[in-house]
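To start, the structure under review is shown below, and the notes come after it.
Which chain is which? They are A, B, C and D, in the order written, and residues in each are numbered from 1.
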Amino acid sequence: MNKRKIINDPVYGFIKVPFDLLYDIIEHPYFQRLRRIKQLGLTHLVYPGAMHTRFQHALGAMHLMSSAVDVLRSKDQSITDVESEAVHAAILLHDIGHGPFSHVLENSLVNGISHEEISLIFMEKLNKEFNGRLEIAISIFKNTYPKKFLHQLVSSQLDMDRLDYLKRDSFFTGVTEGVIGSDRIIKMLDIDNDRLVVESKGIYSIEKFLIARRLMYWQVYLHKTALAAEKMLIHIMQRARELISNGETLFGPPNLLYFLSQQTTVSNFKTENHTLDFFALLDDDDIMSSIKIWTLHSDIILSTLAKGVINRQLCRIELGKEPIDKNRQEAFKEKVLKHYHLNNLEEAAYFVFSDTISNTAYNTKDERINIKYGTGQILDISAASDMLNLTILDKTIEKYYLCYPKSISF
Amino acid sequence: MNKRKIINDPVYGFIKVPFDLLYDIIEHPYFQRLRRIKQLGLTHLVYPGAMHTRFQHALGAMHLMSSAVDVLRSKDQSITDVESEAVHAAILLHDIGHGPFSHVLENSLVNGISHEEISLIFMEKLNKEFNGRLEIAISIFKNTYPKKFLHQLVSSQLDMDRLDYLKRDSFFTGVTEGVIGSDRIIKMLDIDNDRLVVESKGIYSIEKFLIARRLMYWQVYLHKTALAAEKMLIHIMQRARELISNGETLFGPPNLLYFLSQQTTVSNFKTENHTLDFFALLDDDDIMSSIKIWTLHSDIILSTLAKGVINRQLCRIELGKEPIDKNRQEAFKEKVLKHYHLNNLEEAAYFVFSDTISNTAYNTKDERINIKYGTGQILDISAASDMLNLTILDKTIEKYYLCYPKSISF
Amino acid sequence: MNKRKIINDPVYGFIKVPFDLLYDIIEHPYFQRLRRIKQLGLTHLVYPGAMHTRFQHALGAMHLMSSAVDVLRSKDQSITDVESEAVHAAILLHDIGHGPFSHVLENSLVNGISHEEISLIFMEKLNKEFNGRLEIAISIFKNTYPKKFLHQLVSSQLDMDRLDYLKRDSFFTGVTEGVIGSDRIIKMLDIDNDRLVVESKGIYSIEKFLIARRLMYWQVYLHKTALAAEKMLIHIMQRARELISNGETLFGPPNLLYFLSQQTTVSNFKTENHTLDFFALLDDDDIMSSIKIWTLHSDIILSTLAKGVINRQLCRIELGKEPIDKNRQEAFKEKVLKHYHLNNLEEAAYFVFSDTISNTAYNTKDERINIKYGTGQILDISAASDMLNLTILDKTIEKYYLCYPKSISF
Amino acid sequence: MNKRKIINDPVYGFIKVPFDLLYDIIEHPYFQRLRRIKQLGLTHLVYPGAMHTRFQHALGAMHLMSSAVDVLRSKDQSITDVESEAVHAAILLHDIGHGPFSHVLENSLVNGISHEEISLIFMEKLNKEFNGRLEIAISIFKNTYPKKFLHQLVSSQLDMDRLDYLKRDSFFTGVTEGVIGSDRIIKMLDIDNDRLVVESKGIYSIEKFLIARRLMYWQVYLHKTALAAEKMLIHIMQRARELISNGETLFGPPNLLYFLSQQTTVSNFKTENHTLDFFALLDDDDIMSSIKIWTLHSDIILSTLAKGVINRQLCRIELGKEPIDKNRQEAFKEKVLKHYHLNNLEEAAYFVFSDTISNTAYNTKDERINIKYGTGQILDISAASDMLNLTILDKTIEKYYLCYPKSISF
């Protein structure tokens, strides 16, 4: 069979699918589903260009993996063809477990299962379908494969996942300052003692990468308006679940209603076939199509929040370095209680809420980014760089936010 | 009120919203709905980057309009502030009447109404809400405003619509060869006798624009695989309508079922308020969410086609310069009839079908692209260019295609 | 020896030098000299970005050659490693014979020798130095190597030379409309019967390439202001030669004065070692440094023209489709004669002159661009394209120009 | 007179010349001379794309000035048309005093005069020619104009000079990681108490700008190979000066020999007209054309160094955080002394030398980059940023280097 092997990509130009197995994975409905899951959830409400999907990201990360394998082989590091296929498959599938709006609803539809765990469940299902051809890919993904650096290419502080998403997200949001030199970084990769390392002349690129990543966090991933939208979407799901448990009927496709009508845990996925089947049918479109109808629902909480997300009438969000004034928050709740004729302050909490967000530029507790010198010496980036200061880089920056309807602001 | 006026755009960097009225239009739910309508229908099944929406396009066209107004004013052409606001509003709203998947379903959900007519209905509704502030915008859109060149900026062979969509579509598909020099073309615009003209030194840019447009047609807009997907989607809607009229129950949001259960014509829009209301709730998400459930339907035609679109298992399409061999087509239908155990050849026609597609690079029957020389002479581009040949440019290129399931191919 | 093998390039990002031999060629003083020869002569007087050099272009063309070899091999076309090295060397050296300002002074410093002939002389000299390792490269360059398609990659209507220079020149001039999809074109290359062919789905890219090439000709390569500057530079050289032959002393480095003091023909290059040595020392810098001093010379013709080029006080140039009015030209000469107190009309011809320029988009007398269909059929692009018309494409467009000092214009 | 007002630029697309005065400045031979001075000296020996000139940079900085003036006016800051013209003229002329290879030869050809002082001498000369129309521009440049923020736009830690050169240099070197969001930074500019400030939401862009600037320093401006080349060029000039003072004859244009035959100080510029005249004739081309002939000179020091720069046979350079081992350096000198049969160790010092280079990311002793909050509070970037640490940012990073011929390395 003649398999189309070149895919156009606005970020890299052309993406080549280097193995038939990868092509078969891409063609599978599980993978096609990623076309309907936006990479950045509701961020497009702030950056209209950010409509790109997990599908594009997975292909992009696979493309970078090809470069990385080429570079490492050119430095006489051994990667067999079987390992190359496997590490490509692992990166292609690393996000297959994402649900609607990626991270946004990660804990709203299912309970206590991360998207990585669901990815693994999908991979094991696919492995059966593909007669065990994903065995090594799975062991790389789980980091049980002997050559540890292969796992690092899939998941570490300098993996192909990050190198693609930073570049891609800055491309589609138009936040050009987030653009990283993924090409240059990959060209500087090497292996030392089964660990991924970066040649010392790549040190400025790594500094830049860490700073760009941080910039993208504050400017895009934790953008306060997108955050407001995403919290509202989570509250919509919570309210819908509450109404359903109270016996109300909500419009929605059966696959969505399935997850809203019960608590789904990892054991459901493992013991019932239909849980994974339903999950595999679920994507952004179901959420949007349903909450659009919910804008007409008689429940004022559900319909108000749904209108907010659909029509981009978002709540106001205050973000700062100081903890939220709880008295002020309670006063807002009282106002909301009256404004919407709610029953109690618990209901008001759907509209008025606070929490913290945080980001760490470089986590020293994770695997380090190692810099390799001509002398053979290996230093952690935070020691190698004369700019970046470990104590600062490693510090978790925490911010506090308070969200409330614009209509009730003083 | 402090209105956010700068929007990030991956194509142009920043887009400024130059009038408060425009900001109010953008905030309106009618306009926000365009966020959920992909500019290029199902083209993303071929070019995964093509997830961009009518929302982004409308903002982009507005951005180019600002440049055009600046350029024309710098050449001492009179455009008042009121006219500037109006022509910006007109371009912003020119596509507001698009339904799900833009052109794809244009004749599947409503009958005998173009998206331009629906745009006008929306504009008139908005005009009431905005207390008549869209009066001039509407007259420009309808070409009843005295300064005819303003309409040309909104709708002509060199309007801001085309200048944006060619650039944007080539950007997001990654087909870089379609990139046009919209900046340069706009810089060359002028007015002569109330007509838009292009300064003669812009002639090569116009040639390039016409060639790029043609390239985009054959490489993107009429790409055979995307065409197959779109025809399948149309057939899905036809089958759904047929099943509903036969009394079958289909899952779907009420807004979608409304349009599938009846023939909606222009008179419905004009006489019944709820028709426009329902239409304003309808977008890509409803279609996708519904047909995903239809993949499980007992009707083999509906479920097979739905699976095809959802899982990208598209029918084979042959495209060529020769008319389709009707005997071969009939033989395919017979095979399909047997393969799917259908009732008759009419049903087989859901899977096996043929038609023509065509494109004209430059339509001499439309308003011409006029080139203005230093001497004051005005020539049509086809006369001014020593490269482009009127008889070729004006020729409608017609191609024939035949679609059939891959499973039945010999 | 550890050879640096990656070079940064603003057009392609990174350029890899795939063979040690190529690295040694690049390091050679003959090749380093190309750093001092601008790719586009004096075009930077119109497009200030166009400071790029033959050095950059040669590396870029080598980079595309790597892609082309990869693509052809992936289609099971046989190219041995030795052949790959040779075809890379051939493209790297194809322009090594260019003199100052590339094409501009091609017939001013030496007589009756094209830059290709000088390239060959350089290659043969280098071949001796490299102990015959350039033997195959030279035979590919001269088209005496059995596999003819290798020569086509170096020199044909779709060679790596053109694919690089169109892309590079449009990049540095900022004429973005000239950008071609060299990536896509290369991906579509194949070999049929020892000829380079393009797969049929690449047809629109080829159309676009031909149109972009034509646009670059009229907008950049034959830009009338750059043309005026280049003609003035040629006249400066002619006047300098005339003054020297009359016994006047001119400032200049000995290598330049050598070529201005005599007629250098191919036999000088072949019989005298120092001719090539002197030529190898000559570049743009010598011309500019010398004519800057000539701005102070007592000869009014030399100093006026030199000031013109140095200070960008260029003569006026009229360009059109009609032949020049000889009476008007003679009247201009009379005016110039008086204005500058010249001795005769021959001297006035240094300031007032006319000629023609021409361009052919696609030369059917050259080797054709062949399109290969899935059926195996091969068609010339002019037959394969439904847009491009042979009779038009093949037509040589001729334009007439008249140049004269701005000071004497009526 | 009809003045061409749009210039193509590969970085920004189009550059508009907003005032006739600016056009007249650009046309002046003093300004045209900047076409022959490369922005980055000999950096193109490492990054072949870096052929761009001071001419392009000055136009680019002027272009950004237009944006800055527009932005500030849109925020109701008062800038009169006269002031706008003046601040544009000031930025256009800020680098007019640069000599050959920009900073490289700044202290080799003239003594104790910075390029800024020479810029001022040029401006005053031009001011006379333009009948005092540069009066305000000069007072802005000298920071004697009452509105101090205008000077800051021309010269400060966030001036249009830096915003252009970082973007431009990263563009032409191909070091894409140095790309800064100059657009976004300019959009965030405002004035507070006659000081330039940045709106607080621009804080991440400023962080990124400081990091990108630092990256460009270490990766480009202080690249060790370019540094080696530049030091060699300086040594060539020193040796030439020494030989001339010893009565030897060197080839060279009179303008270059003038500066090599004497010590030129600021008083020469002020008291003798011909000093400025000669300087205005001097550029990169004179240096390159002359040292190319010097490659043939009998002085082994001069010819060896000249060959090194011309043919890119550069000395080896070791760069590190540790001071140079003086014994090792002396041993190298002894080896060189023997290798080249030199007369003494002073001569060996032409080939073997060491020094330090340093860079400060953000100089707290200079005018600060001020961040303005919605509350009206103004904070220095180092206080406002939770990432950047004053004690680190402000620290001057010093590195030590040792240069010596490759031929003598152990």
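Rule of thumb we're sticking to: a residue touches a chain if its C-beta (ideal position, glycine included) is under 8 Å from a C-beta of that chain, and two chains touch if they have at least 3 such contacts.
Owing to the predicted nature of the structure, the values given are computational and were not obtained by experimental measurement.
Distance between Cα centroids is largest for the pairing of chain C with A.
Chain pairs A-C and A-D differ in how many C-beta pairs are in contact, and the one with more is A-D.
The distance from the centre of chain A to the centre of chain C, each centre being the mean of the chain's C-alpha atoms, comes to 50 Å. Look at where the CA atoms of chain A average out and do the same for chain D: the two points lie 43 Å apart.
Contact of a single residue of chain A with at least two other chains is seen at positions 13-14, 176, 184. Viewed as a contact network, the protein chains are fully connected, with every chain touching every other. Contacts from chain C toward chain D in the complex involve residues 7-11, 13-14, 27, 29, 32, 35-36, 44-45, 47-49, 51-53, 55-56, 59, 171-176, 251, 253-255, 281, 283-286, 288-290, 292-293, 310-312. Of all the residues in chain B, the ones that touch chain D in their complex are 6, 13-14, 183-184, 187. By the touch criterion given at the top, residues 175-177, 179-181, 184, 204-205, 207-208, 211-212, 214-215, 218-219, 321, 361, 386-387, 389, 392, 397 of chain D touch chain A in their complex.
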